Structures are given as structure tokens and as C-alpha cells.
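Naming follows writing order (A, B, C, D and E), and every chain is counted from residue 1.
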Amino acid sequence: MLDVKDVTRMFGTKAAVDRVSFTVTGPAFVGIIGRSGAGKSTFLRMMNRLTDATFGQIMVDGTDILALRGAQARAWQSQCAMIFQQFNLVPRMDVASNVLHGILNRRSTMQTMFNLWPRADIIRALEILDRLGIAEQAPKRTEALSGGQQQRVAIARALMQDPKIILADEPIASLDPMNAQIVMDALKKINVEDGRMVIANLHTLDTARRYCDRVIGMRDGRIVFDGTPDQLSTGVARDIYGADASFNESATSTAIPTDATADRVYADAMLS
Amino acid sequence: QDAITGFNIGILGGENAQDRMTSNECFRKYVEEAIGVPVKLFAPADYDGVIQGLLGGTIDMAWLGPSAYAKVYLTNPEAVDVAMVKTNLDKTYTYYSIGFARADSGITSMDDMKGKVMSFNDPNSASGYLIPRVELPQSGYSIEPGEFYGDVKFTGGHEQTIVAVKNGDVDAGVTWADGQGDWEDGYNSGALRKASDAGLVDMNDLVEIWRSKPIPEGPIVLRRALPQDVKQSIIDLTMGLIDKDKDCTYNIAAGETAGFTEVGHDVYETMIEVRRQQDGM
Amino acid sequence: MTASALTASPIPPSLAETVTKSFARKRLMAFAVPALILLYLAYTAVAFDLAGLAQRAKLDNAAILLSDFVTHKTHVTRDNRDGKLTVSVEGEGKGTYPPDRLPEWVITTGEVTTIDLGKGSVVTYDSDGARFVVPDYGTIDIRPDGDRLILNAPQPLPSWINVSDTRVSVTTPAGRFSYTRSKVETFRYQFGWELFFFTLDSPFSGKGPLELVGLALSGDRIDPARSNVSYMVNEVWTNKMWRHGDVVWALFETILMAFLGTMGAAIIALPLGFVAASNFNPLAPVRFGLRRVFDFIRGVDGLIWTIILSRAFGPGPMTGALAILITDTGSFGKMFSEALENIDDKQVEGVRSTGANSLLRARFGVIPQVTPVLLSQVLYYLESNTRSATVIGAIVGGGIGLLLTQAIQTQKDWEEVAYYMTLIVLMVMAMDSLSGWLRRKLIKGE
Amino acid sequence: MVDIAFGPERGKRPDTASIQDSYLDMVRRKRMYGGILLALFIATLASGWMLADSRNAGGFWNGILNVFDFPSEVVAEAWVKRALIPALFIDHIPALIETLNIAAVATLLGGVAAMSLSLLATRGLARWPRMIPVFRRSMDALRAIPEIVIALVLIYILGGGPVPAVIAIALHTGGALGKLFSEVAENADLKPVEGLQSVGASWTQQMWLGVIPQVAPNWLSYALLRFEINVRASAILGFVGEGGIGHDLKLAMQWGQGRYDEVVAIFLLLFFAIVVIDRTSDHFRNRLVKGR
Amino acid sequence: MLDVKDVTRMFGTKAAVDRVSFTVTGPAFVGIIGRSGAGKSTFLRMMNRLTDATFGQIMVDGTDILALRGAQARAWQSQCAMIFQQFNLVPRMDVASNVLHGILNRRSTMQTMFNLWPRADIIRALEILDRLGIAEQAPKRTEALSGGQQQRVAIARALMQDPKIILADEPIASLDPMNAQIVMDALKKINVEDGRMVIANLHTLDTARRYCDRVIGMRDGRIVFDGTPDQLSTGVARDIYGADASFNESATSTAIPTDATADRVYADAMLS
């Protein structure tokens, strides 16, 4: 279904993405991890045609989408939804309008210019919002929503596009843990229930491990790891992130601790 | 010529009237009655507005100062026709440029002004600048700053000159007066009379130190392109106004008057010459 | 634990040197900048001749001005040639008291007129001349003798009596008095804006507030044709001294000029702004040319445009509005294009990622985010143009600005100046709050 | 794994149909109000122009054909006398300098006043929070009076010369900049101020070290913009009665034919001065606000 | 040394801090934990006199510091340094100046305006920066520094104050794990080496457990736990945070995962 061949993007003399190749066959949940500057965003932006590739091919169902131009490229964009770290919504417009932007490519310019959407489209937008649990936010301005809600609006816009592929560029990096979980769960559900492929750049290994079917690790523009979440050991992670051994991660975990002793005492007390 | 759909009267500031809109309101009504189209009054704060209006054809009638008329004529001799002029009580239609100073300054004639500060009104004003500018040097008082006078200033208008002299900001100034009646009343009409009546100055505090040759009053002009019958009815109306409504005549003339009389362009030839000579100075 | 965090080693001397030097430099700047500014101010003080100004400044003028703002004077004039007596507010015909309704402090019996200026100051006009009794000084007696005036007053004459053969004037705190061969005049100064509501020829003049309310409520019509209230409103509206109707119209005209000019400019500048913004128009020469055009029309200034347009359109409010329109097209064009260049790309990118074409990207990615900026600039200009329209109005002969500049230039009707100034300040403040309100309403939340 | 993706709100959600109805309702209402507002705006604008047109001496359509009459008259004469123009430039440079000085001094004085006024009138920073409305209203009043009014009144007291103009422009600048300054200060980050407060710094120290460095670029940018506006204002004041290059321009302009070369010379001088200031201030403002 | 009695702060009708009382005798490292809105920040701000208390007393060496006014309150602030989550430095000024701000209370306004700092103070500021390992940053603008470096500048400013007590309001919440560790280590070192009391609001139990001598747990403005780190079991933590059992914390942990095997190998290697 998706066949990435030798895709490269140069910025000046520096290769932000360097001969990336991989193949995805079914509607998988693919996670891309790697530290800042590894080229994750650049790769997704090339897939969505927001950035042009320097060379390489991305074949989707037999078409090289990197070679499309003008209206055809826009048609591809409409099939390949993108979710951004900063949501990239229009904050001053209401939630439903933002969702409706997903079908801009399919409606006539004249009609949409004056924000005159057909009733059926509005209803579909509301249904999608309802599916994501934020239907009652529909009339509000998007800027009035919390980060997690905004990201769900962005997902709704993506669903409105009825895309083959959903690209998500660090969708939870601006969110707090609670909202992050809600958003990741939503993406997973779309992946499983609708059978749409999801490719997500992720910041945190935990998340990748938990949600992805397949994890691709990038470093300096190249793929340095490609496998299942289980294959992701600390050593591999240290390779990907370039962290050194002196770094003790547990001191700063934001999670509530699993203190074995205290828990055992508590458990004993409960069991007794 | 086409019939007109409206008639615009421009009123000039400074030289003649201040409370212009109201004093001319009665006249506006008469004109409206006489020619049967809507009549509007315009009173821009400085000369130029009315002059531009006449030149551009948007103002149909105006009472100009002699110098302003000269400017219109020099810019476009085809634009307007001289129609009438206001007369004084003795039927003359001249006035004077009067030089004056503070009585307690010891200045009693222009000779005493050597090295002192002389002021004029505004460079377009006939009595307040142009005439003195030509006549003073002829009598040996060069108006180049530093030659005879210590300095030469512009105050911006007649009232400002009077106030500046009274306050001692300048040593002497020029303004207009009809030269009839008594000095202590500020003459029968003119800027001094108005200022004195208003309590702006006490005429005892001022002395006359110079007087120009007679200057013709500014003309009432009509746009040349106006239909002849309109021109005629306006002239008839204005000339007959003194018998019809004395108060209104007094209002628009800004003082005692024996009415308006017809006059031709030739009266202003001198004035135009004065101005032409000074072009580019 | 990372060992590097807290290692203590002696500070390299070079570092201490750099830092102390940088502090010395900052200290120098902290002294030098104010010093330079002071130096410049000193230079301008000399250039502006501040010392000379201090001598020339007339603070008594300020006192006169301030008191004139809130007082009026009443003239009591006798024409010495025909003996006619007139009492009028500000010496104006429209403020003249009818002979049968003179103020109570002017009493006429036959040839004799007694004017009570209060606190013992009394002026008397009689067939022989006039007398002015000044408390703590004595009686000033003037009688004409042929062409001359003969003055009888306690000697030595104080400086507030100004005498010549033909004219005597007396200035006292109670009032002013002058005598010439042609007329004798007394001026009484009183607090308040006289005749502000009703002129003397109105049936309502001289009535107290309670009386007026009573009249307004009562059914007995003064003029059978209309109710008392509408009559009253009409009398105030057409007040000849203060001309409230004209003034309100003038205010409206000023606001009209500002509104038309600003809105017209905004409508013209919006499309031009897109053409001049580098992220919307790739043609650099067009952009450059358009920007210079903006610079030019902005640089020329509204006042000059007013004069240029006066020739074509003549005086009147449209000329003023067009002048504002032209100037502001320059300002808006520049500001709009800058605002468009500073937009947040995230939103545009979001819309773009759905496959929208460029027109739709502008509509949904750009317009929503620039609207607040543009709107707030337009509203800000609307408010500030209300002020400019005041000045422009003076030139095109319309609006409150004309009334104001005229009143100031004659330098006598200071109470009118005060009235107009108050109105202008209120008008601008009202426009300010209106634009603030609209800004809040349209930008912050709907 | 517990799926809480679709919200802890589950169960108490209002039913979908009513949400749809109310939203569609809102869309309809918005379209209607939008249409009405647009129609109202257009009607106001159109009738306003018609009214202004009818009150004008000359009509719009007649006038529009003649817009270039006056400029062409001026330019034609100036072109004939173009040789004289350089000398005229030099003649009027002192007046230009006076105009610039008036603007600069007024901006300086007004700016200093605006600095203190704005800090005193900003929520969160004010020394005496209760006095905020007082300072705000006084800024409003300063802003509301047109410079020309103050100048004309001051001329009566101080006599002619540049000082009344300086005072008039400075007062206005104080009010106008004060408002803009306070808007900037309102958006200032309070964290540094709080940091300074926590070490026991006095109010002045907090403002000087915590607020001024943050707002300085924007303030300076506004002050430069104001300087530009004030140059124009000072020229205009000259035009209406004071000294400076505006006065020269007015004299030449009023004289009319015969001195159009002078008009053009002064105009060009003033125009170039304004453009130079405009460009320079733009340049610096961009550098200040967008960082170097 | 520090005796907090019944301190309360109302916002409207809501008590943000509700009758908090506790006593600290020596130069302890006290951690305050609790979820968002528990009143942690409000309490520290009252101690520093940034916020006024509604009632209650905080006695320090016999003085009720809540009753101080004007210059005296400022003098107290100069003895009680505060470190903020967002650093609260002056970003446009250089690092050394920011550290010098610690002694503002002792300088006149005029001296500040003209940047008149004694040389000795400048040197002392540099020494403190050096102690925190960032002396070479001294001439840079503060905004050019990384988060961890900025927080160390804030600590340096606090040390410049030569305070009795250092208050730290979530000092590591805006920092990445690496920097967080450096900052916490620095605070601990100051606590131990200089013998200054440190009271820190902490977001994460791990950190509290690792660095504190004593932990105070707050919930809804009240103290619900006060004890040693050892007494902090998962059950207690769940109480304090009001988290329910369904919330799975590991999904969003930002830490690199503890691959137990790798660590055990490392530990074994060290012990052997």
C-alpha cells in the first residue's frame, strides 16, 4: 500500500531526511521516534506535500505522490490528512467550521468563500465531533478549547477528509498526560475501527511502545531502527536518542511511582 | 448656457467679516428667493478655499479682498467677473491701510519705527501686506528685515495684528479701516472698530502712525460661466438690498454702508499690477 | 548524579574582567544617554529662545482666558448722538434686551440711566455726561465740552483710568467703562454662559428650571400650534447666540468626514494590501512600486490633499472626506500589507494540508487571523481621524473645526471656544469608547 | 487498557439531535445577522457619501475629472522655474530643522510623560491600583484635544514661536503614547516582575529592571512612529499658524501663481524629510521588534 | 525556626490554603506535593509575601512575617529567596545582572538606574555562578540559555540574596529530565553544604522521595500527609492526587524506559 523509496530532503548541504525507505502493507499504526532534528517532521511534511522532496519516490497504490502537481497534489492532500503538534486550526472560527475545512478541496470555491456549507456536510461534521466526544463544543470558538479538545478537533478535521492515511506530527507533545492519553486512544481507535493507516511522530518511547504496531527510529535523517515495539530495548533507545549512561531517568519521571515496598505493604493490608 | 441646479456663495474671512455664516444667512435666503435654486454658503477658514472654489468652478459668487481678486485674475482671467462693490456712507468705495502702534511706546510716525519690529497680517491681504509692501519702501521704509525695521513678522490676520501690537509683541502693525469717523471709535468700520467694540483694545492705547493711499474695496465677483439672467438677478438683489433690508445689508457689509454699487475690473488694475510685480519675491 | 553540576574551580580572571568591563560599559551608557538627551534639550531651549519666551509669556492673558471661558459680559451702551440706550449680552444684536425687560441692575428714569455694578460701584448716564462711583476711590465724572471730554476725578489719577481728550476708559474689577464723543459704554462681567438655553427674545428666557419644568408639564400652550416641550426644544435648538443646532450639525459633519474617509480607505486598501505583501504577491517590482505609492500619499499629508482637492471639488465635507480617504489609503495599505506579512503560518498550513487552493487558503487561513488586527487599526484611525477632521474641516469650511478656529482667531468669544473644546473632547472620547466597544465586541468575542 | 478516549463525560452528554439542531440554528442566525449587518454598513456608507456630496460645493463626478488641474498648474510652473529650486531648498532648511526640533522635543517630553503615566495606569503594574481610572481618564483627555486647539490657545498666552507647538504636541503625545505604552505593558510578562518582587525590590526597581527592558523595544518602536507623526503634526501646526516649514509652505501656497516653484521646493523638502524619517524609523522598528 | 500556624488564604469563598500548620526546626529539605490547584504555590507565595494571607501566622525566629509591611516586608523577602517554575528572570538582561538582582533590596533606586554595582558584588555573583557550573554564561543574555541553565541562574540569584530560606515552586516542572536532575542536585547541595532551609513544591513523587527529608502532601488547601519520604506509599499518593485506579501512569512517562535487565547487568557489574 505505501512504499517509500530513497526519499531525501536537503536543506542547503544538510540532508534533513536521508534516503529513507520502508514499506507498509496494511492499515498499520506506525510510530516514528527520534530526537529533535532527526527529520521526523520533514518526512511527514513531504508525505503531505507541504514540503517538496529533493529526490525519491513515495508510491501509494501505484502512484508516486511526490510527482503530483497542482490540483492533483491538492487532491492527494485531501486523501492524506495531517495532524500537527500545534493543532494548526483557525482559532477564531468555531469548531464545526474548522472540521468542515477538511472538505475544502471537494467543494466549489465560491460556495465556501462565504462559509455557506451544505446542511449534509454540517451534520457529518457534527457526527464526527460526536464520535470524538466533543459535539457540544461545536459552536464554540476553537481558541476557547483546551489543548486536548483542540487536538481532537484537528483529528475530526482529518476524519472529515475521509483520508486513506492520517499523518500525525507529535500529536501529543503540547498536551498534558491526561489529554495525551485521550488523543492517542482516539487515534488508535480510528486506526483499528476504520482501518485507516496512521503514521505518528512520537516524542516518547512509552507512547510508541503502547500504541504502535511498528516503530521506526530515526537519527540524523536516517532510519536506524525499524521493528516492533518489543524490540525496543534501552540500548536501542540510547542509540536512537544518543543519551549517555550517566543519565538516570527515574528521578524525573512524571508518573506516579510504583514503589514496590509500600505497595506490598498496602496489598498485604488489603489481603489480610 | 445651461440652467443651474444650485448656487454656492463663498465668504472670505479676515478682511471683512468674522461671524460670517450667521451674518450672511439673511442674504442667502434672499438669493434663494431670487433665483429659485438651493443656495449654500461656504466659509473656509482661509482665503485659499474660496479662491480655489472660484477657479475650480464650484463657487459661483464671492466677496473677495482686492488682493484675492488679483490672485484669481492672475491665475485665470476668464474665471470670474467683477460685479459690485460695497460703498461707505459717503458713497466712496475705498479704504485705507492704517499703520498703528501703542500710544505709550512713543512712536508717533513711521519714522520712529527705525530698528523696531513691524508686523503684517498675512501675505495675501491687500491692506495688511501688499499695499504697505509697495508703498512703505516708496516712502523710504524698506521692508527687508534689518534694513529699516529691526524685524518684520506675519501675524496671520487683522485681529492677531491688533492684539500683537496691543500686547507689545510687535511695535507696530497695519490693518484696514475706512478712515471715516473718529480714531477713538476705531473709525466707522474696519478691523480696529470691531476690535474696539469687542473690548479687545482700548483705542486710547493706540495711535495711527501711517496711512496708505486709498485702496478700492474688494469686489463681489460672479463666476463668468453663470447664465446671464442669474447674474442680473443677483446684481439687482444686492444693489436693492439697502432699501429692502438695512439690517441685512449692515450684516453682510460688516458695518455702516450706503449699499452696493456696480464696478468694473479696471478699478483693480493697480492692485493686480502690485501683485504681478511681486510674483516670485 | 552529574558531577559537572557543582564543581567549584576559581573563576578565570579573564571572565571577571569581561563581566566587570561589560558592567562599566553599561554604566557609561546609563549616564551617557540621559546626558545626550539633556544636551539636546538644552540646545533646543536655546534654539527656541526659552529665556526670551519666559519674559514674553503673558500669564495675565491666561487669567483672562480662564475667566473668559466661564464668564460673559453685558454691554450697556448709550449712543451720545441720538441718546439711544441698548443693553446687550456680549454687545451682540441677538443678545439685546428688549427695552421693557432690562436686567434689574439697569434702571432708566427719563434721561437718566443707573447701572448698579454691585458692591457700591454705580454708573450713571445723564444728559450732562456720565458718572462712575468707585468705592474707596470716589466719583469719576465726565462731561463733553465741544470736541473734548472733561474729566473730574480724585487726583492723582490711578493707572486704571485711561484718559485722552477724546476718550476716557476705566477698568475696575466690578466692570469696564468707556466714554467717547460718540458713545458711552459700561461692561459688566458675570459668571456663567449667558443665554445658553434661551435667547432674550424667547418666551422662556429668564425663567428658572422649576418654572420651565412646570411649563413643560402644564397644558397651557404658549404657542397654541405646538406643545410647550417641542417649543422649548425648538428654542434651544435655534438659539441665536450659541447656535446649538448648527453646532450639532457641525459635530455630525466632522464625524461623517472621519467615518467616510476611514471606511472608504479601508475598503480600497484591503485588496491593495494583498498586492503589496511579499507572501501573497511574488512580483517584487509591483510590490515595490505600490509601496512607494503608499509612502507618497501618506507623506503628502491630509492637509495638502485637502488643498489639492479643493480646486476640483470646492469646499465642503466631501472634499474633507476624500482627503482623509486618500491619506489613509496610504497608511492602511502599508499597515495591512505588514499585517499580512506577519501572519501565523500554522493556520495557513493547516488549511493547506487539506488540499485547499490559494483563494481558500487566504479566506480561511489568513482573513480570520488578520481581521482583528485590521479592524483594530481601522477603528483606531476612525478615532484619530475624528480629530484630524476637526482641522481639515477648518480648511474645507465645515464641521466643528471651522467654528473653533474662527472663535479662537477672533480672540473674544472665549466662552464659545470653551464650549467647542468641551464638545470636541467629548466627541473624541465618545468615538474612542465607541471604537473600544466595537473592538471588544467584534474582536474579543461575538 | 482502559479506553477513556471518548471522555470521562460519557453518559451525561446531551443527545446528538439537539446539538445538531441548535448548531444549525446558530448557523442560520449567523448568516442572517451577517447579511443584515453588511446591508446596514453598505447603506450607511452610501447614504453618507451622498449626503456629503450634496453638502459639497462641487459634486464628485464633476470634480473627479479635474483632480489634476491644480497639481498640474503647480508642476507646470515649477518646471519652468526648475533652476531656482535648489537654492530654495537651502533657504528653507532652517525652517525644516525647526520643524524637526519641535517634533523631537515634543516626542521626548511626551514620551517621558507617557512612560510614567502608562505604568501607573496598567493593571498588574500600577503603584496605586485604585488610581488607575484617574490616570486612564487623564490620558484620554490629553489624547482627545487636537494639538491645534492647544496651540492656538497657547499662542494667546505665550505669543508665537515654537514653544506653544512643542507643548501642544507633547501633551497630545503623552496621551496617545501613554495609551499604546500601557497596552504593551499590559501584555508584558509579569514573571520577571514577580521574580524581582520576591527579592524585595521596590516598585521603581521592579519597573526599571522587570518591565522597561521587556517593553523597551515596543515602546521605542511606538515612540519612533510617534516621532514620524509628530513631524507631520509640527508641519501642520506651522501650516495653521506657527513657525517652521509648514508656515513657509502655507505662505507660498496661498500666494499661489508666481511662487509655485517655492511650493514645490518646500513640499519636496518636507516630503523627503518625512520619507527619510519614515524609512529609518521603519528600519529601526523592525529591528527592535523582530529582534536583530 | 519556622512555625506555620493556621495559615489560610481565601479566594472569594474558596480557601486555596486552608488552616495549614506545621513546624520545621532545622535546615531541612521540605517537599510539598499535591495535584494542581492544591494550594502549593499559594502557600509559598504567602511565605514570600507575594500574596497576602487571609489569616494565620508564620513565625520565623520569633517574628510573624505575615504581619510585616512595606520596607520591612521587602527586607523579609530579601532573606527568603524564591525560585519559580518559569524561572522569572529578566530575559533580556545578562546573566550576571540577573544574579545581582538578588541584592536589589540593599541598593537604592538611583544606583539601580545607573547600573552602579560594586565590583565586590559582581565578583561574588560570578563565584556563585561558578559554584553552579555556569560562570562562563555570565555575559550572555539570559534568554539565550537553556531551561536548566536559566533555573540555575535563578538559584544563583537566590544564593546572592544570602537567604535563610529558599522557596522553590516546582523548580523542575519546565525542565527536561536531564536539566531537572542538575537543578535538584544543586538545590540539595545548597541545603546540605550551606545549611539553608529549602522548601520545594514538587510535581513528581519520585523527586520528592529522592531529595526530601520531609514531605508534606496537600489536597484542596489542607495538609493531608506530613512525614518522611519512606512513608509515601502508592496508596497515600493516590489519596493525595485523587487519582483513580484506571489511570495508567506509564503511558505518558517522559522517561526513557527502565529496561530492568540492562540496569541489573550494570548494577551487577558495579557490585562485583
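Here, a residue touches a chain if its C-beta (ideal position, glycine included) is under 8 Å from a C-beta of that chain, and two chains touch if they have at least 3 such contacts.
Protein identities per chain, from UniProt: A, E = Phosphonate ABC transporter ATP-binding protein; C, D = Phosphonate ABC transporter, permease protein PhnE.
Keep in mind that this is a model prediction, so the values were computed, not measured.
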item: Co-neighbours of subunit E and subunit B - touch as defined; value: C, D
item: Pair of chains ranked first by number of touching C-beta pairs; value: C-D
item: Chain whose Cα mean lies nearest the overall Cα mean; value: D
item: Whole-Å gap between the CA centroids of subunit D and subunit E; value: 45
item: Subunit B and subunit D, separation of their C-alpha mean positions in angstrom; value: 39
item: Centre-of-Cα separation between subunit C and subunit A, whole angstrom; value: 61
item: Touching two or more other chains - residues of subunit A; value: 181, 210, 248
item: Overlap residues in subunit D, where contacts from two or more other chains coincide; value: 1, 4, 55-58, 63, 66, 69-70, 156, 159, 253
item: Residues within subunit C bordering two or more other chains; value: 1-2, 56, 58, 61, 307, 310-316, 394, 405, 409, 411
item: Residues on subunit B engaged by subunit C in the complex (per definition of touch); value: 8, 10, 13, 18-22, 42-46, 48-50, 52-53, 55-59, 103, 156-157, 159-160, 163, 167, 169, 181-185, 197-200, 202-205
item: Complex interface listing, subunit B residues touching subunit D; value: 8, 10, 40, 42, 46-48, 51-53, 56-59, 71, 74-75, 122-124, 153-156, 163-164, 167, 169, 276, 278-280
item: Residue ranges of subunit C in contact with subunit A within the complex; value: 1-2, 346-347, 349-357, 359-360, 363-365, 368-369, 371-372, 445
item: Footprint of subunit C on subunit D - complex, ascending; value: 45, 48-49, 51-53, 55-60, 63-67, 69-71, 98, 101, 104-105, 108, 140-141, 143-146, 148-149, 152-153, 156-159, 161-163, 166, 232, 235-236, 239-240, 253, 267, 271, 274-275, 278
item: Parts of subunit E lying in touch with subunit C, wherever the complex brings them together; value: 94, 96, 113-117, 119, 122-123, 126-127, 130-133, 135-136, 138-139, 178, 181-182, 185-186, 189
